[in-house]
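Have a look at the structure below, then the notes.
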Amino acid sequence: MIDIINTFINGLSLGGIYAMIALGYTMVYGIAKMLNFAHGDIIMVGGYTLFVAIGLFGNPILAIVVAIILCGVLGVLMEKLAYKPLRGASPLAVLITAIGVSYLLQSLSQIIFGAGTKYVNMPNWGSITLGSLRIQVYTLVTLIASVVIMVALSVFIKYSKTGRAMIAVSEDRAASELMGINVNTIITITFLIGAMLAAVASTFYLLKAPSISPTFGSMPGIKAFTAAVIGGIGSIPGAMIGGILLGVIEVFTNSIPAIAPYTDAIEFTILIIILLVRPTGLLGKKRREKV
Amino acid sequence: MIKHKKNFKLKHYINYIGIGFVTILFSILSLTGNASISLQFLLEKIAISIILAVSLGLVVGFLGELSLGHAGFMCIGAYIGGKVSAMLEASLGCGISNLLISLIVGGIAAGICGVIIGLPALRLRGDYLAIVTLAFGEIVKTIFINTSAESFGGATGLSTPRYNREFLFIYAFIIVLIMLFIVQNLIRSKHGRAITAIRDSEIASRATGINVTRYKLLVFALSAFFAGIAGVLFSFSNYRVQCTKFDYNYSIEILVMVVLGGMGNITGGIISSSLITLLQVKLATLLSGNLAVLQNVLYALILVLIVIYNNAPRLKGFREKYSIKVLFNKIFKKKADPATVRDDEAKWDRVPTKINVDDLLSMDLVVTESVAKPDKGGEHNE
Amino acid sequence: MNNNVSLPVLETKNLGVSFGGLKACSEVDITINKKEIYGLIGPNGAGKTTIFNLITGIYAPTTGEIYLCGEKINKLSQETICHKGVARTFQNIRLFNNMTVIRNVMVGLHNRKEFKCSFIESALRFPRQFKVEKAMREKAKEILRIFGLEEERNNLACNLPYGMQRKLEIARALATEPKLLLLDEPAAGMNPNETMELVETIKKIRDMFDITILLIEHDLKFVSGLCDRVTVLNFGKVLSTGTVSEVLNDPSVIEAYIGKDDE
Amino acid sequence: MKKLLLSFMFLLAFVACFFTTGCGKSGNEIVIGLSGPLTGGAAVYGVAVKNSAEMAVEEINAKGGINGYKIKLIALDDMHDATKVSTNYASLMQQGMQVSLGCVTTKPGLEFSELSKGDNVFFITPSATNDDIPKYANGYQMCFADTRQGTFSAQYVNSNLPKTTKIGILYHSGDDYSEGIYRNFAESIDKGFDVKVASFSEDDPTDLSSQVQLLKDCDFIFLPIYYGPAAIFMTQAKDIIKKDAVYFGCDGLDGIDSSIEGFDINTIPQEVSYLSHFNSKATSGPAKEYIDKYVAKYGAETLNQFGASAYDCIYALYEALKQAAEKDPSSVTPDVAASALCETLKGIFQGGFTFSGITGTNIKWDKDGYVDKAAVKYVVKEKNK
């Protein structure tokens, strides 16, 4: 029983991380209408930044701030250099560019940092014991922080002027342009937020498992994409639910030795089943094409 | 077919002529012992890439559905076909009969999976379908990687007979020709028209009586069948089939070939798949030692620049002035009038590349209810 | 007009559909006889297009039945309904934009018996493929000629002017050899000249192809010049049915529709 | 239009490619070929092998080469992808490869061993551990084969641990190296042990917390995995697994204390040890010399047993070729065909050839090409007192 609770808490915290990455995916998707396949690699860049920054400053909090800022800048740069020239072009063209950017980031990081694994000295907070239940502190921190961030993001989107402009752009870009919303700025801000969330996710990843390599971001990226789709791509609460669901499933299947090798297959099968039952994800808007 | 001779257009046959020329040229070179091993290996790879790109092009370019799991079908073909060929090796050896049987079995196995994955395609669209196909590919991979060593080889892969490299690429190119024959005729026929109609507007095609279900399943099955064929060829061109190869990255690579070639453009797909394969092999074999890290940077840069150059709306003027087509037309004094597509028959293999944003990648059709929306250009009541 | 004793081409009984709690239309009874041109009018949001969608199988009715020549069609798929002989156009034009004009019509010809050609025959290039293709092309040209679109046949559909696109959509629908043709605002966006021309064309095709036509339109001049009978809808319910002049004099119609007309 | 444009751009690249490949075999060097993952997820192994081999080649060339001829090493990138091996192999052959180090990793290595069989190219792989790699007469291994590592480890467990020990295993499913060792280990340990098994399936796992949960009661945890995932496991298990537990791995664990920049093994309270042929913490002898040279040249990050093994491979080839040249100078020249050289080398390797390097002394090869040398248990870190 204790094991199950423990596993569940681990799943929640992993899910929180997935949710955070999925948020980036889903926001960029909803607003810029593109699948940013390079999103996973921003996590990787965030990881390397933390590695360098902790080495430089020693202070993890400062390093995290630096990583968030740098990833934000990278997200904006990526958008300006690679995606903005393609605004208005076929979304598949943008998809291919995103893949190209992803390759580029991976190989550049290998050139700069080498192929080896780097280990980031994140603070170790130890664990707390509640009866026979022992929980790692970082698990709790991740869980709480991700909930706080999600709530803050929801509030920001719902109540701030920029947030509402984002909703408008995602609903109808042309109309919002006519209403005087600067679509380019909104898209840039979306990329900024998405990339910053990725940096936060990368921090939590490193708190869990402090090692990074150039391909560090690709699997979390795909998993988070899956999470975003399970929740209904474009939907912010959907990304949270999808992420947490996926995290819990992953940790549980991993904890049963007989099915552990099939973890990926199980996760993806659940995804397919969910989509067959609800074709637009758990919280995706049900859209009926107007005739 | 004699009565159609007057309509003979080089354009119709350019793919056959191109591939046929390459096949004959290199067959002669190879059979007379003038082709190097690396050329033979390269040609095998190119043939497999062409089959993959053209078959994925059916789904993405002509049917207008995004598939990120093409490697999964290839994986099934490679494993099933490879297993069959390994079993037949004892009785038939590794000859043409073994090749044919394996190709058919592997292709059909993949085709059946194509129908299975086509079923969600009836319900899902856009990214949702894309992620289901991606998931399918990963599931297939995970299942094969966890098989026992006796059945499908497990982690070290399935050991399969390798076909004589002097002949395999010739057969592979003949298969490419057969595939082109089938795919091009299909696209050119009324069935192809129905498929492109579904891409342009599913609702209108239903209203026009097109059996959308049937055609979607058909295209998925056919595309998977050819991917399976490519997989079987792959198993014959390698000593081992290892499923780590067939991950989503490989599916994306095939998608890149399709997109760069121009969606719904078979000739473009052939050219881009050959050139990308060539580029990758050349980059890998040229940049040895410390330079190897540069190959991905170069590949990524080439990819991004080509896509931006070809698609950026701002560069449109530049493209129109300096593209090769304009140059070509200047040299041969041809009129290029984009508004009119002259000679409908000549354009059968190429449908314009622009697929509606919302049709392929997103589903923006947010509809509150089915009540009528304001009239377009009609009177404005209230 | 109603002297034809054969079964009505279209008959709806107590037809209704609701989305969530909202009743888009209810208790709609329409009977259309052979070779009639029947109008469906009403203010925006009255449920006219919804009825089209119900007839063509896009929505499944919540209540009631639809009969086509006496055959119940309300559980069938869109394709089957089309095969049974119902073709339609759309309010917001839905052409196959990336295909040429002639191909748009050829898609319409797809399911005709005389152009049957199996998938294998096409893929392997049997002689029938060529024969069928040629015959389809000729037939499509013939249909385009009626609408004066023959010259445009090799243009991309999306490059046509608006009026021509509307005509092309009708041509495509006609190509499926329908018994009943549903036209959703065929004259929308046309100038008076084009509208008059369209009236003639619609009458011509009714006689030529021996079909029955049900149309939605706002332009009362168009409706009165064309329709034998009309039904007025409001809030998803039938207000009145009869000839144009009968209906226009119905006080409930005047109040609900004409009275509110800003024009 | 697009396609023409595209084809033009690619054609340029294509033509450029052909111009630069024209080099072929140049001059009088003995060519050693190698294919390994120089980029991508497994790059750290490929880079280590390439660096070390390069270093050894430079040293040998500085000494005057073999039989008066310099050695040239050509290392191509296969990205740990078996399908890239065929073209790499062909390209190496075109560039005049006479003898080879094969592939760095197993999956491509299996393909390489089949390809090289046809041309009868002698290869000795530093690190492709699968049992099938030296399947044919032309293939040799410098590293231990998977089955041997599994059985060695099991023997160690059987003879040194009390039967009450709770044994845990963490392996990487879908990875041939890890699965190979795990299966042999599981088969060979005595039935009396209480064994718990956990696995992960990603190449770069980011979270092993559920595996840690599964193994938390074990006293002895066998880790037939590479050091990257192992470091993650140890970090996550730090406070959960008993402080007096023992982590025991195979040669993949080598480098855990040195190759991960920023990772301090001393923060792990448990004992960490592994069975290997090379100790990257060696404080004396030739191994120490190698380590110092390597670190000075390439840094510690890619220092691991893969590299050491590659260094030994080159030197073993050097010694063997030297012997051959002493017998018959004409048999070791840049003009000798790969196949002929292979026969010469096979004769030497099967003829009582022994070699002492940094991964062992008196290294011998049996008739199947498997290496015969001592596996030593290295304790990287003792348990905290």
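Residue numbering begins at 1 within each chain, and the chains themselves are lettered A, B, C and D in the order written.
One rule holds for everything that comes next: a contact is a pair of C-beta atoms (placed from the backbone, for glycine too) under 8 Å apart; a residue touches a chain by one contact, two chains touch by 3 or more.
What you are looking at is a predicted structure, and each value in this text was computed from that prediction instead of being measured.
In this assembly, C is the chain whose CA centroid lies farthest from the centroid of chain A.
Remark: among chain pairs B-C and A-D, B-C carries the greater number of C-beta contacts.
Measuring from the averaged C-alpha position of chain B to that of chain C gives a distance of 39 Å. Chain centres here are Cα means. That of chain A falls 49 Å from that of chain C. Chain centres here are Cα averages; for chain C and chain D they lie 72 Å apart. If you average the Cα atoms of chain A and of chain D, the two centres end up 35 Å apart. Among the residues of chain A, those in touch with two or more other chains are 107, 110, 261-262, 264, 291. Residue positions 142, 145-146, 203, 260, 293, 296, 310, 353-355, 370, 373 of chain B each touch two or more of the other chains.
Shared interface positions of chain D, i.e. residues touching 2 or more other chains, are given as 38-39, 173-174, 201. The part of chain B that touches chain D in the complex is made up of residues 36-38, 40-42, 44-45, 142, 145-146, 154-157, 162, 234, 237-240, 242, 244-245, 260-262, 265, 267-268, 271-272, 275-276, 278-279, 281-282, 284-289, 292-293, 295-296, 302, 306, 309-310, 319, 323-325, 328, 353.
Of all residues in chain C, those touching chain B in their complex are 19-20, 22, 24, 43-50, 53, 56, 58-59, 77-79, 82-83, 87-88, 90-92, 94-100, 102-103, 106-111, 115, 117, 119, 122-125, 127, 129-130, 132-133, 136, 153-156, 159, 162, 172-173, 175-176, 185, 188-189, 218-219, 260-263.
Residues 38-41, 43-44, 46-47, 173-174, 196-211, 213-214, 227-228, 231-232, 235-236, 238-240, 259-264, 267, 299, 301-302 of chain D touch chain A in their complex. Residues 29, 33-35, 37, 82, 85-93, 95-97, 99-104, 106-108, 110-111, 171, 222, 225-226, 229, 233, 261-262, 264-265, 268-269, 271-272, 275-276, 279-281, 285, 287-291 of chain A touch chain B in their complex.
The touching residues of chain B, counted against chain A in their complex, run 60, 66, 120, 123-124, 127-128, 130-132, 134-136, 138-139, 142-143, 145-146, 203, 248, 252, 255-256, 259-260, 263, 293-294, 296-297, 299-301, 303-304, 307-308, 310-315, 353-355, 357, 360-367, 370, 373.
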